[in-house]
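Take a look at the structure below.
Labels A, B, C and D are assigned to the chains in the order they are written; within every chain, residues are numbered from 1.
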Amino acid sequence: MGVPDDLELFEQMCFLRHFEERADSLYRQGLIHGPVHLGLGQEAVAVGAASVLRPGDYSLGTYRGHAHALARGAPADAVLAELLGREGGICGGKGGSMHITSVEHGYYGSYAIVGAHLPVACGLAWAARIRRTGQVTVCFFGDGATNIGAFHEAVNLAAVWRLPVVFVCENNWYMEYTPIGDVIPVALPAADRAAAYGLDRIVVDGNDVAAVREVVGDAVRAARDGHGPSLVEAQTYRLKGHSAADGGAYRPAEEVARWRERDPLLRTRATLTAEGTAAGKLDEIDARIKADLAELARQVLARPAPDPAGAWTDVWSDGSWQWRN
Amino acid sequence: MGVPDDLELFEQMCFLRHFEERADSLYRQGLIHGPVHLGLGQEAVAVGAASVLRPGDYSLGTYRGHAHALARGAPADAVLAELLGREGGICGGKGGSMHITSVEHGYYGSYAIVGAHLPVACGLAWAARIRRTGQVTVCFFGDGATNIGAFHEAVNLAAVWRLPVVFVCENNWYMEYTPIGDVIPVALPAADRAAAYGLDRIVVDGNDVAAVREVVGDAVRAARDGHGPSLVEAQTYRLKGHSAADGGAYRPAEEVARWRERDPLLRTRATLTAEGTAAGKLDEIDARIKADLAELARQVLARPAPDPAGAWTDVWSDGSWQWRN
Amino acid sequence: MAELTYRQAVAAALAQEMARDDRVVLLGEDVASGGVFKTTGGLRERFGADRVWDTPISEQAIAGAAMGAAMAGLRPVAEIMFADFYATCWDQVANEIAKVRYMTGGQVSLPLVLRGANGSGGLGFGSQHGQSVENWAMTVPGLKIASPAGPAEAFGLLAAAIRDDDPVVVFEHKALYGRKEAMPDTGPDGEHVLPLGQARTVRAGRDVTLVGLSITVGTCLAAADELAAEGIEAEVIDLRTLVPLDAAAVLSSVARTGRLVVAEENPGQLGWGASIAAIAAQEAFGDLAAPVTRVSGGNVPLPVAASLEAEVDVSVSRIAGAVRGVLGASRPLSSTG
Amino acid sequence: MAELTYRQAVAAALAQEMARDDRVVLLGEDVASGGVFKTTGGLRERFGADRVWDTPISEQAIAGAAMGAAMAGLRPVAEIMFADFYATCWDQVANEIAKVRYMTGGQVSLPLVLRGANGSGGLGFGSQHGQSVENWAMTVPGLKIASPAGPAEAFGLLAAAIRDDDPVVVFEHKALYGRKEAMPDTGPDGEHVLPLGQARTVRAGRDVTLVGLSITVGTCLAAADELAAEGIEAEVIDLRTLVPLDAAAVLSSVARTGRLVVAEENPGQLGWGASIAAIAAQEAFGDLAAPVTRVSGGNVPLPVAASLEAEVDVSVSRIAGAVRGVLGASRPLSSTG
């Protein structure tokens, strides 16, 4: 299996973009029950990182995890059904937008409590190390997560045990409404902490999908080859608010404008056209994906809600929920 | 109030040494209910740091905290009564060896859960900062504590809020039975993490009381002057096991022997005699303190056990324990 | 006083207490800009940066800083955004804050408040943002626990919590933040403050005692309305605080009605309702004419899809059904009291 | 099988399961050198460094690593040295481990065990190392909970926990580690393994049902001996596991005795005993001849001095006293069953 080329990466990013734009509009129509956190503008991280993973590798993300699940191959209809509370949701309607998981595709979950999944990533990587399977674990999280204890314990354990795990911090410069610079005592939330765990300082332009592919690719290779963990800081920006309910008004307009210019899709489009791909072809891809997702949304919305009986399954491995006789 | 001179520091260390030797022997006689953790060999850290604090300053320590309480002036009889479960215990028998507190002397407690008191130290320092009182907080903890999440969250918050707090890591090279080098990915548990919080790398010989006085003194002054927190690594060694119940057999004999030569009491004694103090005078001090503590132990042992009714006080501020009518 | 929403009541109580006592300081994530539930809006502007502090995402540091500041004599109010996140600082809450006064033999006081958004209420927040976790707090001696059922309660109980010299955990219900009602003046100088440890009878009735807390008080009232149409008169009690617990109010009601149904949003496996039921089974045994019955949140982690969530949340029909069951299973009262 | 102490039984159960299934791996602080309670002695030497892993002091990382490894198909056993320390990783335990199967719609299994030293038992460990915290775990759906009362139980329940496909928290009692007894063979091939969710009647009696768990089973037995001398025949039930709970065993005993006393070491404010009492008050109401009575650990953080500790710990005399009270307060059975 080869590493995907720029056009494939473009197409994937396009897909994530339109998926999330669609989710945003469904949310605004009141069709999504519960909160939704969009990764619009951060697609290059998910796509670039996923492009260097093999089937069987593990990845994990946050409540802002649609892109990470889809980039590993989670079926869009099942993810959308999960968001919309329809039959066939990827977690049966029990996870919702914040808890997308697709074990079949190696995506071991989106986690809604900041930092909580970094220790879990250690465990997946630990299993791979014990069994010498060569599987690598990639764990995505935000800049704000670098301040919580679980981050520290997990990166430290990974370094002590030399685990095959790559921690990817998506530094989008905000934790909810607060600029990250207000709540860290260093310049860069992840990179400036790496040395505390004996790790290299790695920074990558998170809006440049090719750069992410290369830098995360190196880290994944190192992990696979037994050289232990890495901590990568991918610098990016979310184009919308913290959640779909947030307008993001606390951000200076010039800042948003500056980052709009660095939109990862525009960047890759520019690379591709410079390399000779016709702009029309890219437009076509874009239009096709957009239409496909509109159609998909229609189909999923036509499904019924999950059977209430499903609320009572999956607590225990025998399928039941009973805790007593 | 001047900073104490070397002879005073020697005398204080002698006091801690004999206090803990006495506690060790009482434990061996089965006279102490519950665990006891001795700081034998680490006296220079407690004494050197306390020597630069003012009344009103705050300090906090761990379950290995007898020395830190006594160094601030906590009355030895009340501490001993707490250990022995006799009337007049400094916490009324509700704390025991692991939870010595003497608010009157600015010692805001020994904490038995690793790392838990670092956030609390932030709070004391935060109050001082808000009220601009010039009070400084000094928080002692072990090398092993640098791996727990609370350490990270606390040092980080202190740096972000520029709190007047000095974190003093007593690196005695072991977390219980495990050499610290086995469970950290850097060479020095605290010093190699300081940069992650934008702090200076500060290492001091923790068996040299004068050096501790100087280095912690600088950090305390900086905190008092509004320059924010410091993280100091004081390198030392515990001469006995992790707790009084542990023989410490996991440590190489040569290692123990090497550190015995660096015993802080021997070091200060050497300094003092080199400066002209008669060895006989030092021996006299030593013998007097030893005898005083033997006598104190006899007195405290003669006291009755605390009245059982005391188990039902101090849950709430009105003195009661009732949670319902 | 004016009509306020529950969230405005929280902000107004904070403002009242901050104006009254300059030792009251706030800390938490995003609190300076008003908080994600908009419960701290305007406070930084009004009281200044020394009174309202934004923190990193560091719940242990938040809870610990509150503890340390309280020991030093301030009266901090820490926001833990979602009550589910108490798990990330449970050591500070359960092992330190709850115990330090006792462990030190009374040397320190902790006049602090932890507050945040609790509960499901059908908003789709799921298992990690939608739990009701009063039961976590109730397992730990040394914490007071308030859980307001409406705007006036939210105001008065929070004000009381801030004035109390012990640590109080206030569980605000996220599904109630939008509810509006008029604030009665209850204190001197027109201040609004309620006692901790005093339940409130929100509806009188002779046939059965319904005990609720927070969001289930409203559910109990709606069930009582439904039952009234059938000629069943339910008495509804809002506990307001779990610790201190006004057990006497429950017991005296049960002495009159002979029947008890407890409605709790937390899972029943070990919910606070078990404690109420156990007290009644022990102390009101002679008064009981029917089995003590509990209606609890589903004993599952909370699902998100609306159809599933409705299935497990406490509902009017489940409470009303429980009451009908209790009345059907009743025997004649054994005592004449 | 040989006579083993409780701590040896733990080590032997680990060895039995590690030999049987190479997916079983251990992690925790100091476990490689045998553990501070000497429950993992010799396992690193016997099974190798890939099966027994020392960790830094990082309970969140320990619990999380266990979870991740379990998702990947291993069967990790994590030692959390003192059960009080679950507070430092409560988010991993209560919000992640307990819920992830459900939240993912059953996509993952978590065959993992968390185990550690729980309880007071008069050893002077105080409020941060001596608590009984089964009640913490019982507030959270999705965790199985075992609490062995003796060496044979410690062996058999731990083996069962390791074989179970769901997360199990095993509370070992630190005051029982030194107790010794013979191990019966209960499984095929001479293995020792007990079912989860099956209570054990340790003494039969007609007058009152005493329900205990872990250390209080022995206290109940001692109380039963004392009462027998007065002609009172107490039935003693060891619950063994709180989840799954063998409520049927309790209910059927109460159906015969008409009286229930529950003895729990955790504080009563919201202890597991409340759940048992509430179940009886609801489902055995017609069988009860007397108030359901609970004997709980003092509702205070645990003191250290021996005289204070003895005052708050559950004791034989408090249990026996409760039984006498229950018998005194009894009315004739209302049913003929």
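Throughout what follows, a contact is a pair of C-beta atoms (placed from the backbone, for glycine too) under 8 Å apart; a residue touches a chain by one contact, two chains touch by 3 or more.
Remember, it's a predicted structure, so these values are computed and weren't measured experimentally.
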A-C or B-C - the one linked by more C-beta pairs in contact: B-C
Of all other chains, the one whose Cα centre sits farthest from chain A: B
Centroid spacing, where centroids are CA-atom means, of chain A and chain D in whole angstrom: 40
Chain C-chain D separation of Cα centroids, rounded to whole Å: 30
Cα-centroid distance, chain A relative to chain C, in whole angstrom: 36
Per-residue multi-chain contacts in chain B, two or more chains: 89, 93-95, 99, 111, 113, 116, 147-150, 153, 156, 160, 182-184, 315, 321, 323
Residue list for chain C, restricted to those that touch at least two other chains: 55-56, 58-60, 84-85, 87-88, 91, 95, 102-103, 126-128, 141-142, 243, 269, 299-301, 303
Chain B contact footprint on chain A (complex, rising order): 147-153, 156, 159-160, 182-186, 192-193, 195-199
List of chain D residues in touch with chain A within their complex: 25, 50, 53, 55-56, 58-74, 76, 91-92, 95-96, 100-109, 111, 141-142, 164-166, 197, 243-248, 279
Chain A residues within the chain C interface of the complex: 32-35, 85-86, 89, 93-99, 111-116, 144-145, 147-150, 175-178, 182-184, 250, 305-312, 315, 321, 323
Complex contact set, residues of chain C against chain A: 29-30, 32-33, 36, 54-60, 84-85, 87-88, 123-129, 269, 298-301, 303-312
Residues on chain B engaged by chain C in the complex (per definition of touch): 58, 89-95, 99, 101-104, 108-109, 111, 113, 116-128, 130-131, 137, 149-150, 153-154, 156-157, 160-161, 313-317, 319, 321-325
